[in-house]
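Listed below are the structures to be examined.
Two complexes follow with chain A in common, the first pairing it with chain B and the second with chain C.
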Partner chain A sequence: MSSKYHITSFCNIKNNTVSLNGSVIYNDENNDFLEFIKAAYKSLETNYAKFFKMDALSKLAFLAADVLLKNESLNQEEENNIAIVFSNKASSIDTDRKHQESIQNKEDYFPSPAVFVYTLPNICIGEISIKHKLFSENSFFIFDTFNPQHLLDYTNSLLSANKAEKVLCGWVELDGENYEAFLYLVTNNGTITHNKQNILKLYNT
Partner chain B sequence: MDTLKQELKENIVEQLNLEDISVDDIDDNDILFGEGLGLDSIDALELIVMLDKNYGIKLTDPKEGRAIFESINVMAKYISENRTK
Partner chain C sequence: MTEVYLSYNNIISSLGFNSETVVGNIHNEVSGLQLIDDKNLLPQPFYSSIINTKTLKESFQALKDKDDYTRLEQMMITSLNKVIQSSGIPLAENVGLIISTTKGNIDVLDKNSEFPKERAYLSVLGKKIKDFFKFKNDAIVVSNACVSGVLAVSIAKRYINQGIYDHVFIVSGDIVTEFILSGFNSFQALSDAPCKPYCKNRSGINIGEVAASILVTNNKKSLAKEAVTVLGEGSCNDANHISGPSRTGEGLFRSITSAVKEANIPYERIDYISAHGTATQYNDEMEAIAFNRLGLQDVPINSLKGYFGHTLGASGLLETIIGMHSLYNNMLYTSLGFDELGVTQPINVIKEVTPKKMNLFLKTASGFGGSNTAIIFKKVKN
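The block that comes next holds the complex of A and B.
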C-alpha cells in the first residue's frame, strides 16, 4: 500500500554505535552503556546539562531524538508542531528496579525523588519536548516486539488528521546493558516512502 | 565546619549529577538555586532526602528548604545546629 508521507531521516543507536541515515556518526567499542552514551553526548556536542540528570532510557531517547532534530532547523523560541510516537518492550523497568531497591529495606528507606520521576517510560518524551519545544500529540506504547504496523498506522492518522506537521516516532528499548533506539521523522516530503517495508528495512540498518 | 562544607559540596555534585561542576567551583556563599548553580525542584527534594539520610534531619514542610538550601554556608550552619547523627 502506497503512502503519501515520507521518512526524511532516521537514527539508530545500538552496539555502541550512533548512526544517522545509515552512516555511523559515533562509535566506541569499549564502554558500557552509561559510559558510551555520555561519550556520545560529548562527541555530538549536545550541550544540555540536564542530560546528566536523566535516567538511562531518557538519555538513549533524548540523544537519538537530538541527532535528528538538530538537523531540522527548529525554531528554539516558538512551539514546533512535531508529534512524538514512541514504543518499547521494557517500559521503564530499568529505573523501576532502581526505585524498588531504594524502598526494599524499611530500616533504610530513602527513595530518591530524582529516580522516582523517571518511573514511567513517557518521561523521555517530556525531556525531548522541553528541549525542542514540542507541544503536540505524544504517545508511548508497550509491545512485545518492534511493531512497525502500529507505528505506521498511528503516525499516518496523526498526519492525515492535521494533528501535527511532522511525527518523530520509533522504538527506544533499554534494560540494563541491553539497549536499542531507532527513531525516524515522518513528514509530507522526502525520498523514502513511509510504509511498513521501509520502516522494517531502516530498523534493521 | 569546613569538613562539613566540603562534604556537602561533594554530596551535591555527586548526588545531583552536576557533571560540569566540580567541588572547587562551588563557593561557600554561592546561591544554589535559580541563577546560582541552577538547581531545580527535584534537586530540592533530593537535598531533603540527603538531610534525612545523612544527618537525621526531617523537614516536614518542603518550603523550609528554600531558606535552608540558600548556600553551602547556610546549609552547614543549619545542619550543625540540628543534626541527630
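The block that comes next holds the complex of A and C.
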C-alpha cells in the first residue's frame, strides 16, 4: 500500500552522537549518558531551564524532539496540531528503579514526588507538549523491539482521521547506560514516502 | 467508516469477579474500599479496594497452567479468559490484543520478590498474556498514565478502522503496591478516609486494584446485550504541567470537542457523563471547569472512585464497562461519597440511584503528563 504521507525530517541520538536528517550535529566522547546529554543540550543552544529537573528518559526524548521541531521553524504564535506517538521497551524503568531504591529500606525511606512523577513513560510527551505548546493527540506504546509497522499504522490512522496535521513519532529508549532516540515527523509534504522500509532505513541511519 | 462496537466484558475486583455482580453492588451503593493496615505497603493505615487473593487463586487455578504467574498476570488472565470464552471468537490473524497498564508487574522490583526482575518490563507482561492464550499477534501495550484504559479503546477502534484487525481484545490492570502508594503519599495526595469526589469535604484519593477486559469488534452479529458503539473519541494534551491538570481544563475541553466533532451530535444528546473524579482538589475543579466551558454542567455525572478508588491504568476501561451497563439498565448510579458540591462551577453530581432512559454517554479521563481522553458511546439496540 503506497502512503500519501511523507517523512519531513528525522533525528537520531545514539552512540554519543546527535544527528539531524542523517548529518551529525553533535558528538563527544562522554562515557556517561547524563554528561553526554547535558553537553549536547548546551552545544545545541537549547536554553530551557526545566531540562535540568527532567529524568534521563525525558532529557533524551526532549532533546531529540527539540532538535527536530526547532528545525521546522514552527510559528509559535499559531497552534501546531502535531500529535506525539512514542514507543520503547523499558517504559520508565530507569526512574522506576530510583523510586524503588528510595522505598526499599524502611530505615532509609525517602520517596520523592520529583522522582515519582517520572515513573510514567508519557511524562516525556508532557514535557515536549509544554515546551512546544502542543495540545494534541498523544500516546506511549511499549514493544519488545522497535516496531515500524505499528508506528506506521497508528500514525496513518491519526492523519487520515484528521486527528492531527502532523505526527512526531518514534522510539525513545533509556535503560541504565543504554540509550537510543529515533524521532521523525510525518506530514503531507516531503520527499521521503512514509512507509515501513523508509522508517527502518532512517532508524538504522 | 466502519462501526466499532464494545461488547463482551469482565471486571475482576473487590466487588466481584464479573461485570453483572460488580454493577449489582454499585446499584446497592456497596463500596469495595476498606481500611488496610499493612506496614509493608505504607507506614500508616490507608483505604483501598483490594482483590481477594484466595478467590483470585482459585479462579486462576481453574484455568490450569504449569507456569508461575504474578498477581497482576493472574488477574489479567482470569479476566480476559472470561471475555474470550463469552465472545466465542477464535484467536486468528484478524484478532488483536491491547494491554493497558501504568506500572505492570512493578512489584517484582522489590528485592523480596520471587520473580525475576525482567518481569517488570511491560513487553514481558505482554508476551505472558499473548502466550497464555496463544494470540497470533503480539500484544500492543499502552502505558499513558491514568488515561490508558480509555485510550486503549480509542486505539482498538483506530486499528479496526484502519482495517488491520476485525476484533481487538483489551485487558487492563494495575495492582496496589508499595511503589504506587509511597509515590502518591509523597505527593500528599492520599486520603485517610474513603474518597469523596467533587465533594466539599474531600480529602484526596484512594488507590485500588482491578483487572477489566472487553471485546472491541466490527461484527454487529452476536453482540453482548449491553454493547455500545463508539461515536467519537479524542485524546489531547494540556501542554501545561506534568503532574497537575490545566487550570482551564484545556486538554479535557479539547478531547471532548474532538470526540463530539467526530460523533457529529449536538452536546444536548449526551445523557450521562462517567467522569474521572479522583477527589483531588485540582482534578475535580479542572473537570468542573471543562464541563462548564462545554455547557455540560446539567448532564448527570458520576465518579466511580468511591467504589474502587483510583485503579490507574484500568480505571478508564472499568468505568467504561460500568457505563455500558448503566445505559443498558437505564439507571444512573450514585457518585459515592458525594454530599455537598466542592467545586467552584456547577455540575450535576448523581446523589442516588435514578432510573433514566439513556442512549449516549461520555467517558472521560485525565492523568499525569497532561493527558486527557474522551469517548462518546451509543447504545446498540439489538
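One rule holds for everything that comes next: the second predicted complex is superposed on the first by the 201 of 205 C-alpha atoms of A that agree within 3 Å, B and C clash if a C-alpha of one lies under 4 Å from a C-alpha of the other, contacts with A are read in each partner's own complex, and residues count from 1 in each chain.
In this text, a residue touches a chain if its C-beta (ideal position, glycine included) is under 8 Å from a C-beta of that chain, and two chains touch if they have at least 3 such contacts.
Note that the structure is a prediction, hence the values are computed from the model and not measured.
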Of the two partners chain B and chain C, which one touches more residues belonging to chain A?
C
Look at A:F143 in the shared chain and tell me whether it touches chain B only, chain C only, both, or neither; answer first, second, both or neither.
second
After lining up the shared chain so the two structures overlap, which partner does A:I192 touch, if you call chain B first and chain C second: first, second, both or neither?
neither
Please work out whether A:Q100 is in contact with chain B alone, chain C alone, both, or neither, and reply first, second, both or neither.
second
Kindly classify A:L74 by the partners it touches after superposition: chain B alone (first), chain C alone (second), both, or neither?
neither
Let me test your reading of the model: by the given contact rule, A:A49 touches which partner, first (chain B), second (chain C), both or neither?
first
Who does A:P113 touch here: chain B (first), chain C (second), both, or neither?
both
So which positions on chain A get touched by both chain B and chain C?
111-113, 117
Chain A residues touching chain B - in the complex, by the definition given at the top
49, 52-53, 110-114, 117
Chain A-touching residues of chain B, taken from the complex the two chains share:
16-20, 38, 42-43, 45-46, 49, 52-53
Help me check something: in the complex, which residues belonging to chain C touch chain A?
39, 43, 102-104, 106, 109-111, 120-123, 126-127, 138, 140-145, 151, 155, 158-159, 161-162, 164, 178-179, 182-187, 234-243, 250-251, 254, 258, 262, 368-371
Touching residues of chain A toward chain C in the complex: what are they?
84, 89-91, 93, 96-97, 99-100, 102-104, 106, 109, 111-113, 116-117, 119-123, 125-127, 129-130, 132-144, 150, 153-154, 156-158, 160-161, 163
